[in-house]
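Look for chain A in each of the two complexes below; its partner is chain B in the first and chain C in the second.
For the complex of A and B:
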């Protein structure tokens, strides 16, 4: 056993298996984690494999030792059975992989949907042109913040909660029936990364107003400009940030603008 | 009635402004011509920088091998220049016939700079002829210095040519804000158009990129000749040449991301929509591929060094450490390649609660990426340092203290990178962006000061034996091939990202693309186009390498001088 453990070939094979177990089975078990998509497992395993191949071949003695078992299996007459078994196993694995790739499946294929596509420089809101670039939430500078938040809360619970959920985590009652899933505002990858004008644009124009890369045909989000006023949308945007504790992305002040 | 006439006029203008190209379409035709021209341009701008530096080392270091190396590459340049000019002509003809409206618009603004461009290209070509054909005539004394100055002049012409061409393409991407669709091109001042937001960042990014590319091509040429060598001496010569190419490519690569960061920042400052399309929108998938390819570059470059340690007496002292550097590089590559929005089917999306993985998603944001790449740069620099020190033992009395200070600098730099990387998760985006400056600053300061100490420490160092050039396993040479292919691919890929963010605009926000090809191509189609361009370029470069050997035998001459270690 010790001989095997010290041999680079078996060390490499062991590392590869260990890496697969960690990525596919240990990471999902960690607190707050979830299963790792197969595309990411493949990507990680390819990287690990390259790393292992570099390690076994960057020193001449280790490389020679690493090749020994492979060489022996391929040429030694006494290992004929192993050779044939290996040939059958490799063929079987390739066949199974090919079959798993081409077999018919009821699941929708993965797609390259952009979750945060680039917003247009300006939009038309009920006939009024709004320039999104450089735009901050106007309610932050006017009126009573508590009143704005109260409006935002009312708007959210009347309109958004069925999909985005009571905890703003995308787990509303309707969420299970939707694909793609409603946005999880508690995730640091959604509103925490965006300006308020971006969130305003998304709420106002909804799924139908997404650019092509955001697959507008593939979203159940309504265009809320048909149902809410401009101030109501700005209020609900305030409410989202207030409830989650995230701060909106701010605009970078360019040297020209600062003058 | 008047409106109808205007519409008819507009339709006629549009019809006259475009023509289609048979089979592949006008966009694909212009794409291939522009991309292959650009790759050759990078070759003919990068290799002269390499050649003139090599010649300088030959003159001032009194090592004839560098002089021969420089000449060998200048010979290849002659053929590459023709290829650049041919592809440039193809590009101009295609652009002017297929996109005549756009061409007319650009020439109206940039006409005078195009005349200057042609004149300087003319001067550049003749300087190159003088540089190459005068090599043996101006070989000694003051004449040799004059010859070297010709090499510098060649680089100056080349840089000006590149700066002029950069102004045209950057204008298309970031035209000055006061220029609107209604602005007559005749009223636009040429300097106003040239001095646009991304002109200087692109100039600098390309200048450094060309050095990297030149080094990589030199490395690939050397590996080709190494594998074809028939004698040990010839193998030793090309092994050394491959090392020099890799050294220059990797050294310049270390600073390239900083120039790229500046360019990205300028794009964001100009228009956040452009920035979001590039980094967060559908172009963001290109960055995941880019992360992969740059990880390949780091791994291949380090691999070449580690294998090379096998031919350096004394390197066995450092070989046990390389596996830890490999661990850093592989972990860095894993983090860098982790997408924020993951490709997943509906079952996986449901399990994750969306497209962002609840745990691994944290590795998909810039804080993690910046931390990973800076640590990878530090690891690569440490590899170089170990390689450099492999066959020497410092004799200065402060050698031990110096090494400790160097180690402390590495620890501090890595600590700063990690601190700001982790802290970035807890601050606003606007503050987080600023943190990358501290991370980069710490890494650059470490590189500069550690190198300085190392150079001082190597003075009068005891040699543990000469590098056994040529005693390199053939597999190491494929790492050099991988570097050249990956650099070429990356150029095509990220060039597409930069150009593609204009989406359906010829000149962003000013002139709209009205052809059937106005839609931004799907990633699969773009990947095929870029790979086609890379294949065309590499096939032609392979032909040039072959011609280089056909026209004249290699400049390799058995050396009696012991090969010095670059950087010593």
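For the complex of A and C:
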């Protein structure tokens, strides 16, 4: 056992196994991380392998020692079984890999979807034209904030919870049946990246109002202008930011406007 | 022991002021500011949110009609209640926050105020071995019948027993007997241990009684009750179904027209979850059909698509009208005038595009639009062998086509519909009736309504787009390159070995 532990070949082999275990099983356990996709695992493993090869070939003596077991397997008469076994195994693996590559299997077409497509400069909301560019949430400047939030809260729980969930993380009890999944407002990639006018547009026009790059045919987001008033939508937008703690992106004040 | 100690320290440090803040922010939307289960979301879900003021809890480790322990309540907060709108909060709130909210929830009821009466959990033993063996399941099945499970849960456990239409909870809300084939939706968890505990404690506030007294009365032994739990567990698949996007339809020699044709047993099955239609008025927040199991095969000229789904009632069935009334009374409707219950049929719709799309663009998943219609097969339980093919241009616009639609055969069997649609691959009317082609990903979607749950029109369960692929037989040329690659690899390997051995013997000779 000791001799194996000191031998560079077995050290290298051990390091490879260890690296694989860390990448495949330990990383997903870290808070905030997910399963590492197999293509990324392959990249990491290639990097680790190159590193190990540089290390073993760094010193002449270590390199010679490293090659020893490889050479032994190739020439030693007593290792004939291992040699033939390895040859057969490698051949079989190559065969299977090639087969899985050439076998024609129908897969779902790739779903290339722009998550935050460019909004139109203006929309028609129940016959009224609303210019989105430069638009802020009008409720932030008028009336009682607590009252607006109470309306937004009621609207959210009566309409949005089945998909977006009571933690606003897109994991409502209907979410599993939908593709694309409902937006996760807790994530820093959704409302935290957007202006309130963008969110208003998405709520008002829903899936059917998406441009082509947003795959409008798949989205289960209703067009809420059929259900809610303008103020109700602005209130629920306020509620989304208040409940998650995110700040909406604001419009850059141009030099001219500031004058 | 360590757990008990931890729990004691946890309970000691609970803070109801902090708990109230958490509760108001994250729980009150459903459970209401005063814990009465009457938050703004309450009228959009069945089962409705728990009313904490009565302190009646389904998921407990304590005997029937007793208070739950803190650990019981914490478990429901942590894991949520499967098959309902209640999510698990373990990953969403900190340990401290969940403990605080637990302490606050208990303040809604005076029953928890009397701290001299600490609820004591039942000492559950361990499951006896051999639980999946034929003998154990036979005993389980025998007692499943004799203690009356089948009255509500049905002969085969799909929640379709004779009493099923009459069930309501203590607050008169409608309630379904659990479909025992979907253990991933059991409120308190789907393991044998979870099921056994529910059998021992009952689900307070619901018609599900406790069977603990039957053990005390020596009607059955503890082991026999465990066997019932093991039998119930055996009805569900080992793992909850996973959604795979593409239904593969292999090539067969003959087309199976009947739902129970033996050809189907060897064909892979695909599960697609369905959720309520809440996009168009009138929305439907409480669908009864949770999903469909789909199989498909094709011959050189025809396709057979088999759709199986669990449905507690063979609608139209007037014995469910009172249930429909309770559903309508519990849910808030989009309609200004409340609807009257009627004996509606069960329905299933299979949807395709009008032609196989070349790019990624497809018609709108929810029954197309005026500009881009979809091709649908509409099956109803009142015309079982006569599905209607037609074009939908939006959820309320359906134009039947006069000819060339599919044939269908249907079976209703103990709480389950099994329907097979068959049609020629080719179509004479290619402008509106999709011609099926092999080797292509054909978009497909499913919609289902349970008439005895008040579902009709836009009130139904829906899926998004998935795909159907009619697989072509593997051509022989596919095997050429793997064989070539293997020969090359083996040759190269042998060459390396031979070279190495040559070198070594050469060196030895010197």
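By our rule, the second predicted complex is superposed on the first by the 157 of 259 C-alpha atoms of A that agree within 3 Å, B and C clash if a C-alpha of one lies under 4 Å from a C-alpha of the other, contacts with A are read in each partner's own complex, and residues count from 1 in each chain.
The rule is simple: a residue touches a chain if its C-beta (ideal position, glycine included) is under 8 Å from a C-beta of that chain, and two chains touch if they have at least 3 such contacts.
This structure is a prediction, so every number in the text was calculated from the model and none was measured.
Of the two partner chains placed around the shared chain by superposition, chain B is the only one that A:37 touches, whereas chain C remains out of contact. Once the two complexes are overlaid on the shared chain, A:247 sits against chain B while remaining clear of chain C. When the two complexes are overlaid on their common chain A, residue A:156 makes contact with chain C while staying clear of chain B.
Judged by the touch definition given at the top, the superposed model places A:20 against neither chain B nor chain C.
Residue contacts after overlaying the shared chain place A:171 against chain B and chain C alike. In the superposition on chain A, A:10 makes contact with neither chain B nor chain C. Judged by the touch definition given at the top, the superposed model places A:116 against chain B, while chain C stays out of reach.
Taken together, the two structures place residues 107-112, 169, 171, 176, 179, 212 of chain A in contact with chain B in one case and with chain C in the other. Residues 268-269, 271-274, 276-277, 280-282, 284-285, 292, 295-296, 299, 302-303, 306-307, 310, 319, 322-323, 326-327, 329-330, 333-334, 337-362, 364-365, 425, 428-430, 433, 473, 475, 509, 519-520, 523 of chain B are the ones touching chain A in the complex. Within the complex, the chain A residues that touch chain B are 27, 30, 32-40, 43-44, 47-48, 50-51, 54-55, 57-60, 63, 107-121, 133, 169-171, 176, 179-181, 183-184, 187-190, 192-193, 212-213, 247, 249-252, 254. Contact residues of chain A toward chain C in the complex are 71, 74-75, 83, 86-87, 90-92, 94-96, 98-99, 102-112, 153-154, 156-159, 161-163, 165-167, 169, 171-174, 176-179, 206-208, 212, 215-218, 220, 222, 226-227, 243.
By the touch criterion given at the top, residues 25-27, 29-30, 39-41, 43-45, 84-85, 87, 89, 92, 243, 245-246, 248, 273-276, 278-281, 285, 291, 332, 360-366, 369, 372, 439-441, 462-467, 469, 471-472, 474, 478-479, 481-483, 485-486, 489-490, 493-494, 496-497, 500-501, 504 of chain C touch chain A in their complex.
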